[in-house]
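I've put the structures underneath this note.
Consider the two complexes below, in which chain A is the common component and chain B and chain C are the respective partners.
Let's turn to the complex of A and B:
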């Protein structure tokens, strides 16, 4: 298709993009040099605030009105984009370059069918007539739609998030672009959907010779998909290398820090603590002199703080670090110091601090007047169906499932915010009311919760000190002075300084807000703490620090945790026990190391094989889930997972509820397939012989 | 630690900063100034006027504006300036306290009913909806018809007409806020409903409430004047602006100033309050992030 020889498709040359605030232009991306050749899959990785999306928008010439490329040039096929006339830009550039955005719904016209919208791309002038229809259907089929006709007739809101993203990919590819820009296209999707989208992109690109710029915060996703990776930090390109080289040996300390921050499947805190990057990304208005990473770098020397290091060619790429040769030779250790892992490996049985028996939560749906008259029975969303779980003192139970699995509903039902429909909840041996407001103060104190979003966690109008003082005053009955004293100590416990008490939430970063939220939950000195996706919204380097904090707080105080997450790697890091839920039902539960090894439930197997590993080209199981999560209103009869199960046996799965098959040590699965058969066909999702290096820790990748 | 000694000047600085940003835009600067002038005249009242509001001087009838009578006199020999100023005080008292009642009642009911939800919310808001279905003026005429025209009745009319509107504004913010995680966190700490409403939710309601109060105040001014004009509100010889306009209609060709000045006062005050509300909206919206 392209056939223009070996010249670069896109070239960034010293590109600086700035945003105007008031009368000042603040650069968000500075001096980026990057070249993307035809047919290459390029990963653009960075945490929030790194400028990765800005760079993608600049390339596509769709910066917001207050943003502008103030220096450097972006070339497409050797021609500077800002020199192209508007008409040339439209026909020669925008038709050849396509974007798949992070959030699909706003990009689709809600008032037109999906088919019509794809036809528009195929045939902008609308002259081709019936041919466009056929192309649109072919595109929908190419992106793995089982029933393209039906999808083409659907309106965007009638499709699930994963389907919408497929439609956008179909639309993007319908114009046969040379370059496909994907801006975090899977971030809002479940892992099992994410992995099918990644498979799809990989396949489509292989067949088409299309170059890809894949913007992502996830190193794992990039490892799965990309040929080359560019790492951005605080608006600067810090490292650029082939994926294999980068993952085998990162040359920049920031890249190394990112690797060390990610919890990996099979790495538990009993083995090693995560190595978070201390500090936070500098604001674009307050950049340090010299290397932008120096303030957080473990091997920064004086020279780093004096002048900005140049981007030097290194190996098959480039790196912006004056000590990269020392790092490569092993003379400088770019690993962050590991915090001491004080977590003892204990397996002894201790008493349960939270015991939930057959918890059930149904939401009754309203009937219309017609249904009421016709006597249609009231239907219910069965969000949680007979979930039982136990949290032991000083131990963590991980509750894992995709969105719609009912895990957050379970959490809110347990703490009583959205009371359960049925079931018994025991806190430290005492049965408590299902409604929070009817529980005795002692039970409220003993069972606390940390919420998901760091932005909503704190009242924007109250200071941190006011928020933290309150539980001491109320639940512990302390005087104002005593409470102030305790607040200071508590802030230290979550590694914040005492002056944070006077700040308001708007002055805190996401990670700091979540620390305060954790402090607030600990203020009541609970016996059990429920974490509802409490680290999911954070950047990996921050997430690592919070996970270490949460882990050490548990070790000090012996609090039992119910840790809810969609991320199995995070759960496997923290949890002693794991319960896997699907459609509000338990699929599998048991000790963490047993759940993560075969035999496991086919759903656990699919979840595990969907997790992107940090090893490009790693051999691994390929279990993919078809179709969508069924609606919890019409839960499938028999085993709820049978509609998507890759190992479905047949009639029995559709009609009979699966039996509990105990596998010893409290481990077991709900499945019709006998355990021996499961063990025989399943391969481990992670190679168990892999060891994380405790000290030097390099050289075990790739 | 935020000790009171630190937070008091901080709060005062907030006021100064707020005023400064109000004056940054010409339209809100004009609004603020207009309201300030009318407010000052209302407070000073009799001190600022040379004559009594109902004082009739037979020899000085129908005088055009002069230094003796800034706004002239009417056919009964009353000083129009003094009457406009007295009417100003009246309207601030009537429209102001009517608005205040509506805001306080609407906020309390709105907070409680929306936060609690269920039947309380259903009953409260269906009732408010039924009140809103009747135009304010019609509602006023109905109420005044049964209560009889008096200041208290006018007050009641404003309160009844505007409480539902305030409650709706409060509801929209509370609906959004009550599911915020910091409110859930407060519930998890066993806080009382009063604490959650007063300390966790009310601060988020205040910006919208301030803007809405200013708007309601301007509508109230209009309503009071309209009722006076129609003769069902404030009764003669009280110096009500609407009433003055109504009385002056018959003499519009002889003594146009008796019509012009009260009408101008109504317009300027309403415009001023509206511009101020507009400015408040901008300042408070920006002001959420300290």
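Let's turn to the complex of A and C:
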């Protein structure tokens, strides 16, 4: 990529940004030095609370009213931004930069058409005539809209999330900016959409000498896109390096910790345990003396806790660690201690604890009065269509699919919250009613669920202890004292201290809440536990700890898991069996290592090749899914995937339901394409990843 | 609507005092009272009375006033016209002022001008209408002599002839609405100003004034439009105190007059017209809201 010789476009010099709470100003970002050259794609990585979005908004001069740069200078083309007059800021800065935010919908004016909003970039005063329109349409076409005219006439809420994000990209690039800031632009999108958006950004930026600041929590996305990476932790810049150097050998223990927390495709818990970073990010009001990372650092020494380390030049960048030379020389080991990895789970056929046969969930749509009179037949949303699955004792079944695939509906139907329309559910060999209220107490105890958001699952007014005592008292009929005893042991099992029993959900961090939710589910001593996206909202270092916890609890107790996630890497880490669903139907299922190997269902192949890898410059497969997931009201006839399938054969896919093609060991796919042909496909990046067996990102490939 | 008509009917039936006895006076003989009750149809069962009344109302036969002997319909309609004039003028004065105050207060949040507007509007809203009304009369009629203090216009006066008489009552009603609408506008402006789309517009390099006028205002005024439309219903029949202070012949004063005399046909007609006004105002509010909000489609 270009980038040499143009000189600094943006310079941060000792920038401290603070937010006012009451009368006090609390810094969220402290003393950041950073230089972004023209044409360079810069990644800004950090977990929640690192201050990465704050830094981006400070650069763009659009901090919320209670935020301010209280120290240091931000320069754009050598001019200090805080000294610009309002008019100069508008015409000489804001018209030259652009932002693509995380949430597209609130960033668009709900009362104006998309076309008019894009025109305004080209023509901010609204005086020019027809030229702006043409430019808007051209931009919409450039971001891959099939029908730019229609999109231009639409209001933002009429578009899907992926299309809204494309509109914002079109808007951002319509003014041909020098600097494009992307703030987690794909975090709320499906992987298959994310990968097309990343392709688009890469392609649109390549020829224009546009500098990019890409803010993200995901190292994988940054590796795919960026020339350089800056890592933020607790408001401080801890490491800055070229992507290649950073991924080859991180110099800061925090960066190393991030790498070790991310589950990689093909590494399962049976092979290695993840290495989470212990503890949590300090609150901006309670920063430690000395290095901010010292309390969580595996190699912290006394000197680290005495004084804040300076940002020292290192290699092609800089690092804020007094021991970076030792780390680089291999004399200090920045890896967190690995928890003992248990190798267990024989391939023996253990008995099923949950058996679901041809589960179906249809939601009937209400007809309008006119439709009722005209005799239009009532239509149904076919959210789940004949899904069968089996969870075995001590084993995990992963259920993967994009949003709209019916994963969560399946989970809720199995536990009986939204009863299924048809199908049989067996819990430990006993068929149970589809409706939760009609199930015997023992079946309810045996089948428990952990939700995605523990905020919704935990009553904010009850203490953790009270929430955990309830299942013991109700389902196990224990006395108060006995129950209290069990609560203490349970908290210990999820690695929380006994004093957590007295706290309320608001006093807990996201990871702690999820631990409590897991403890609550285990209180009933279930045989089967359903996890519905239970780790999706967590930062990677916390997610790693929860995944390890969930894994070791299964080893100890032999509970069967149904683990639902959109993240194939997480699922492949935890699961022994994987079922891939699309539009409420099974596409592929089998043992995890077999599903990740050819023969692939074309949908699985697309999911796999969309996952960002931790290898800059890795050779990537280019399977991309076009368009949107069809509405489950009008499910396509034949194979439900045929409208987006890159390998569609022709008429047969559109008219006939695909046959089950068994590939041995319970593995099989629903596809018209013969197995031999599907076996010939390899997802190249996955192949290299698997050979490495889950070691650090070496970055020497490509 | 049907339900409220039933409610109005039942409430007026439950009013204390027998109509016939009130009409004929304390000394009337029982025979005369019974005769009058039969003549008025008051001796029939309640459901029959209700249905007859409702059918007559729909047909436009609103009966005769017990106390004045005039046809109710003509009386109510002429007062309705007066009330509509007053309500219209009030809105013309109140809405631009209140919206401007709210917008300015929001744009200069927490500055002296915001504090001043809040103080002014809140102190005025705390005062009852008969006080503000009297103060206005004191200043504009007695001290300055610009406007008449008594607004008892004759029936059939044209709008422009009536205008001088309308100004003071309208101002008084405005003061009641002003604080409410201004506070609401300020609050929704502040919400909209902090939405990310404002940031998007700023980053396009759009002038701040243009951001406010063409992006923020339209979204911020949605709740205000609803409230204004609904308050129109209140202005038509709820200005009882204001109309009494100024002796203005609107629906509100007609209602107090009718209630004081147990004039049931008149009470029922005024109440039903008032409810109709409220319902229409609500409908208009919903339609306006939908028209200005592309997220809602009318079906």
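By our rule, the second predicted complex is superposed on the first by the 674 of 702 C-alpha atoms of A that agree within 3 Å, B and C clash if a C-alpha of one lies under 4 Å from a C-alpha of the other, contacts with A are read in each partner's own complex, and residues count from 1 in each chain.
What we mean here is this: a residue touches a chain if its C-beta (ideal position, glycine included) is under 8 Å from a C-beta of that chain, and two chains touch if they have at least 3 such contacts.
The structure presented is a predicted model; accordingly, all values stated were derived computationally and were not measured.
Novice: Could you tell me if A:107 is touching chain B, chain C, both of them or neither one (first, second, both, neither)?
Specialist: second
Novice: If we overlay the two complexes on their shared chain A, which of chain B and chain C does A:520 touch? Say first, second, both or neither.
Specialist: first
Novice: Give one of first, second, both or neither to describe whether A:78 is in contact with chain B, with chain C, with both, or with none.
Specialist: Neither: A:78 stays clear of chain B and chain C.
Novice: Which holds for A:415: it touches chain B only (first), chain C only (second), both, or neither?
Specialist: Only chain B; A:415 stays clear of chain C.
Novice: In the overlay, answer first, second, both or neither for which of chain B and chain C A:60 touches.
Specialist: second
Novice: So, A:368: does it touch chain B (first), chain C (second), both, or neither?
Specialist: A:368: touches chain C, not chain B.
Novice: Between chain B (first) and chain C (second), which does A:14 come into contact with in this model arrangement: first, second, both, or neither?
Specialist: Touch partners of A:14: none, neither chain B nor chain C.
Novice: Name the contact category of A:134: first (chain B only), second (chain C only), both, or neither.
Specialist: After superposing on A, A:134 lies clear of both chain B and chain C.
Novice: Regarding the shared-chain residue A:558, is it in contact with chain B (first), chain C (second), both, or neither?
Specialist: Neither partner.
Novice: Which stretch or stretches of chain C touch chain A in the complex?
Specialist: Touching chain A: residues 194-197, 199-208, 210, 214-215, 218-219, 292-295, 299 of chain C.
Novice: How about chain A: which of its residues touch chain C in the complex?
Specialist: 60, 62, 64-65, 86, 90-91, 94-95, 97-99, 101, 103, 106-112, 117, 120-121, 124-126, 155, 157, 168, 171, 175, 368
Novice: Along chain A, where are the residues that touch chain B in the complex?
Specialist: It is residues 415, 417, 436-437, 441, 444-445, 448-449, 451-453, 456-463, 465-467, 470-471, 474-475, 484, 501-502, 504, 506-507, 517, 520-521, 524 of chain A that touch chain B.
Novice: Sort out for me which residues of chain B touch chain A in the complex.
Specialist: 1-2, 180-182, 184-191, 199-200, 203-204, 288-290
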